[in-house]
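Reviewing the structure listed below.
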């Protein structure tokens, strides 16, 4: 039998205003097991906690019921208090008489009656509580970063610098991500490559970092501290260790008509290629979809020219399984498809381009070597229209775009407009905007410079329709402030397309059992207080996989994620959640039902020898739960027909005792 | 003896991650709902055993409602999908036995849906109150 | 009349005993009358010839016996399985309940089993013998001078009237001809009850379940009920009791019993066959089967080994519990 | 001896029901006979016997004994026993009447079971002679004559009449109450009927069953017989035989916490159950074979040993027709040497 | 008719929620009849929302809308300005208690150039 102490909190007038706390304390005194009951103004205050500690000692209490605010608020607080008082922290139950009683009921007698019932339920539960001790599991001191963009790079570098080994898995042949494709960066206008490529080199040279480029994560098993991850290294038909990246094969490859994805298809590359000059790892990759040798078995030029003998047409996909203590998701973003936006004529005219394509057009390493030329005829455009919010801020029912604001478009459009005017002062530049959003250090100043110093025409209003007419693009738009409709004969139109999470994120989330929102952005464990952690323990979020971000924000989040990982890897052992399922082996019949519903694969079966009531021994198949993997949902407990499976902290008996107490 | 106004007794099982937080939010926003609703916290809606529901009716509950995360949002990824099937089957069995289907309900309430929680509870209490006392699944021994 | 004869079964079993393929035979043993047949283990040829019987009253489903017999008997066990028994056999294998290596299963065709209570409703008490060898049953009574002829079809057990399958889904060897999965009308009775008003349904089940004496025969015979400790025997479960103390407990027992076997019940009908109080328990199981078929797609427990039952599976688009009531006839 | 016509039976029952609750076998909705309370128009079943025995009226399957109310450290004990009222059970067959001898020896000897005693005191048993025994009947093996049932009143049904014979004071009193609806008669027709039934009894398939090998003092001889293993081989361990048995009298006492106090009740238990008489150390009968043996040894050896040779089986045949696997006391007796001639 | 009622009535008739508008002006940017109109599609939305409906009812803009649904198609917020304009138009017609176009007016308007469809459309627009 427990010796239970009941502590009723006034929460100032928050509870005491609607609940007669004295009456609650008095009524709960009569409950079985209760030996002490009192009320206090602020139970969570130091004085309140001291009261609990001293009462435990004075009355020799074995269990505590705190009638107070929601357990989501202070359960942890009072568990610590219990620990200070020498009790097991799981001998505490909270009756939520604030959020679920005093705040939703106005009438004092009704509120008091309900508070008593909720208190009784908590007492009934504590009577059946048992001390719980969290299990311990070891931490594998190695981190995995999925995605090798600026987010992944920064996270990996930070973790590696702290002395922990890190692996980066990047699906492209090189790390660098979207940032590698950018020209300049706002608001300082430094060149993206100038600040990114040194970091890429750092990664390549870091003794603690391994890069799995051209690779994907195909399976994740395990749990925080012990993830077993299968990485598929796609065959690139080039021996990475030998390839020097000299580029002879690229030059000699006869198949040169492959759209170059690095330049968004605005020029071509060869079938064996190195995405760009500063690629890391700088090794060639054969595109099997276009390689004549791989398709027909006839060619082999690259193999012949390779002095290092690095070409291997027989290379197969390779699967590597590695154990990690932590996983950082940095899968990044993509611009959305423009297929559904007929009004912008993206698919009709080559001269309607996305902002990312514009980046490549102005990039010195881009298809035009940095000269701003129209993709259709290579002429210099004299009138350029930028359209903001293309696909962003769409109503969900519109089904074309995204409901959210993509956050970065206002700034990069200002950047584009400014750079264009700077380089080509003879060009007229129009920016159509709905709102210009510039919250950020030096952001608004940057935008104002575009308007004031560079004479960019910012027009409040949206482009309704773009019609290619001869060499021109007729842009029809409204100028809401002047109250007129504009028809501009532009030479080039740049669409600030919305960004969306990378397509691979959804399947990755399933593997990681990490949750996502309806837009496929990874959900953070808490939107404000735990923004870089996923609700799945041991999985962290870095960069735009969590939501739209610019580079400075991405880098700071990447650093934050790294510091969380470092904090985790610095531990030798992890304490688990003790509220996990466990199987009563004497009752378990090994039917496998529980295994089928466990989302974590926490249940396995083993054959064990048992002594039976008839004094014989028998080998029986029984379920066993890995407490480090189990997250305590309790799904198995309901599936188990014999009731052999129960959930610590929320046992069948405890919940039924609560039901009984509420219904009596 | 004074005739007591009939007050239905409602047991609400709420999952810790969404619906219990939704109920807390209803409290934070001071959204009223009848005190007849008593909440039991469970880690996930999938923790709710049909036996708990029968137990509640046995002990005098007039209605039982189960609240969990919206499908797809389960903290444990799939718990509420199992809940959805189990409860669909259980409720339809209760209906088959002639027990009023209006006494049971499953509702998905997210942590952000304080207003939905309060509205759901108001609606459910009205619905159950309209049926009157639970006579078909009562255990007379447990009557006061 | 059964198409395969007792002699054929004895001959095959004897041969397998002789050549050492099996060490024991799980079969039906002759009783006092022709209809009171007891499952038995035969370990030698002479006991087979002396006691083994196969006629229209061999209803018992042996699958469940394999759970205990595989543990207690040394060597390999020959089991005779009627088509419906094979589903239970597979379901038990899915649940790892017995060692398949220890079993030699012979599938035997079944023409349906007779219900002695239906025979007695026609012939009255005082039956001294029943001859099952002809087209019709020939019932001899101490009260009648000459045997009464009874149409087999008129006295089939409920489950055989609505036989779902004459096809064996598992066996090592098949005697006789293989049959087909049948289009049975087994859900008609469920649909009839569904069509009642809630008040009528309540009254119907109140009347049926009030007869329950909680003898647990339904549970103990059920091939899906193989828990080491049943929740109804486990004081910690909160539902343990030895008697239906009132109408709540009657209902609770049957709801939970049906729920625990939901998705695992092969609809073998043993529960209703053995109920001493004639409660149509199979209707509760069939309600679940019908409901799951309609909501989550056709599923027959035990059709294959290792399949996932509807309640241990889900899809993202499942009906909401509220929608299940309002779905109308989604198959129409 | 008195008689009434079968046509007037309803008014006789009505008369009895005026004085006390009257139960009689009627055909239930499933077609099987069941004892139920007489209401105007209730029709006496033609079935030989009910599935459940009349034991239920005196020793119900589940019965509340008392209530406890606790507050703080105080426990209040509340006697919730209802006032026993007079009742009569009509249509009890000879075998079932005999079962009360067996039950009485258990419940009425010191310490007397007051719950049972009170019902016995208030209950009137009106027996009914068998007219069409079944193949499952073997009451004669226990010396019971189904043509001449005991009870407070014995009734005999012929084609057109019902004959009433009081055997006890209670019976006399009841017959007095229905005097106006019955007429005095000779026992000629009844005797004729008895002879007919006795002739049928000889023809029954189980007529040759004897109890010679059983009875007190046979424990050592029978206990370790190897046949028990074979007999119990298929036993499911359900409680059907014990729950339909008119003489099984085991029960369990349990507490039920209602939330507003505790109800102490008792309910039938079955020696076939694995939890039966489980003790702190576990079960003393660890396998179904032992549990199975217990039931039959109790009926055929232990009980007679303690009760002047009286067997605690009355041969009603209920377990024969209801056992899911058709294993029963007759097969046990025959296997262990119960047939002679 | 009071202002509030008028607003609600138009919103109800059209099934449009003008509050969803984010003032991007894409409707007006896309409108082929823009130059013909005194009040432009986005103004309809914002004026109905603010209850400033009388000027709309008085304006000829009502009948300049071609109901081509380009604004409906392209609105990123799913506001459907054309339906709103239609509702205002209907209100104007109901208020006048008479149709703007009767069958008697037709013969005078006929010429070989007018497609049949335009007549039907005119009837839909100008009659109750």
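Read from first to last, the chains carry the letters A, B, C, D and E; within each, the first residue is number 1.
The rule is short, and it goes like this: contacts are C-beta pairs under 8 Å (C-beta built on N, C-alpha and C of every residue); 3 or more make two chains touch, one makes a residue touch a chain.
Remember, predicted model here, so these are calculated numbers, not experimental data.
Where touching is counted per the definition, the chains common to subunit B and subunit D are A, C. Fewest steps needed to get from subunit A to subunit E, stepping only to touching chains, is 1.
Of all the chains, the one whose CA centre sits at the greatest distance from that of subunit D is E. Each of A-C and A-B has its own count of C-beta contacts, and the greater count is at A-B.
Closest to the protein's overall CA centre, chain by chain, comes B. A separation of 30 Å divides the Cα centre of subunit C from that of subunit D.
Distance between subunit A and subunit D, defined via averaged C-alpha coordinates, is recorded as 72 Å. Of all residues in subunit C, those touching 2 or more other chains are 231, 237-238, 245-246, 311-313, listed in ascending order.
The set of subunit D residues touching two or more other chains comprises 256, 258-260, 274.
Contact of a single residue of subunit A with at least two other chains is seen at positions 597, 639, 652, 656, 660, 663-664.
Taken pair by pair, the chains that touch are A-B, A-C, A-D, A-E, B-C, B-D, C-D.
Put simply, subunit B touches subunit A in their complex at residues 9, 11, 16, 20-21, 23-28, 30-33, 35, 38-44, 46-52, 55-56, 59-61, 73-79, 82, 86, 118, 142. Those residues of subunit C that touch subunit A in the shared complex are 71, 94-97, 226-231, 234, 236-238, 260-261, 264, 308-309, 311-313. Across the complex, subunit B meets subunit C through its residues 50-51, 54-55, 57-58, 71-72, 78, 81-82, 84-101, 104-106, 136-141. Every residue of subunit A that touches subunit B in the complex is listed here, in rising order: 70-73, 96, 98-101, 103-107, 110-111, 113-114, 117-118, 121, 513, 515, 535, 579, 597, 599-600, 631-635, 637-639, 647, 650, 652, 655-656, 658-660, 662-664. Residues 20, 22-31, 34-35, 40, 42, 70-71, 73-79 of subunit E touch subunit A in their complex.
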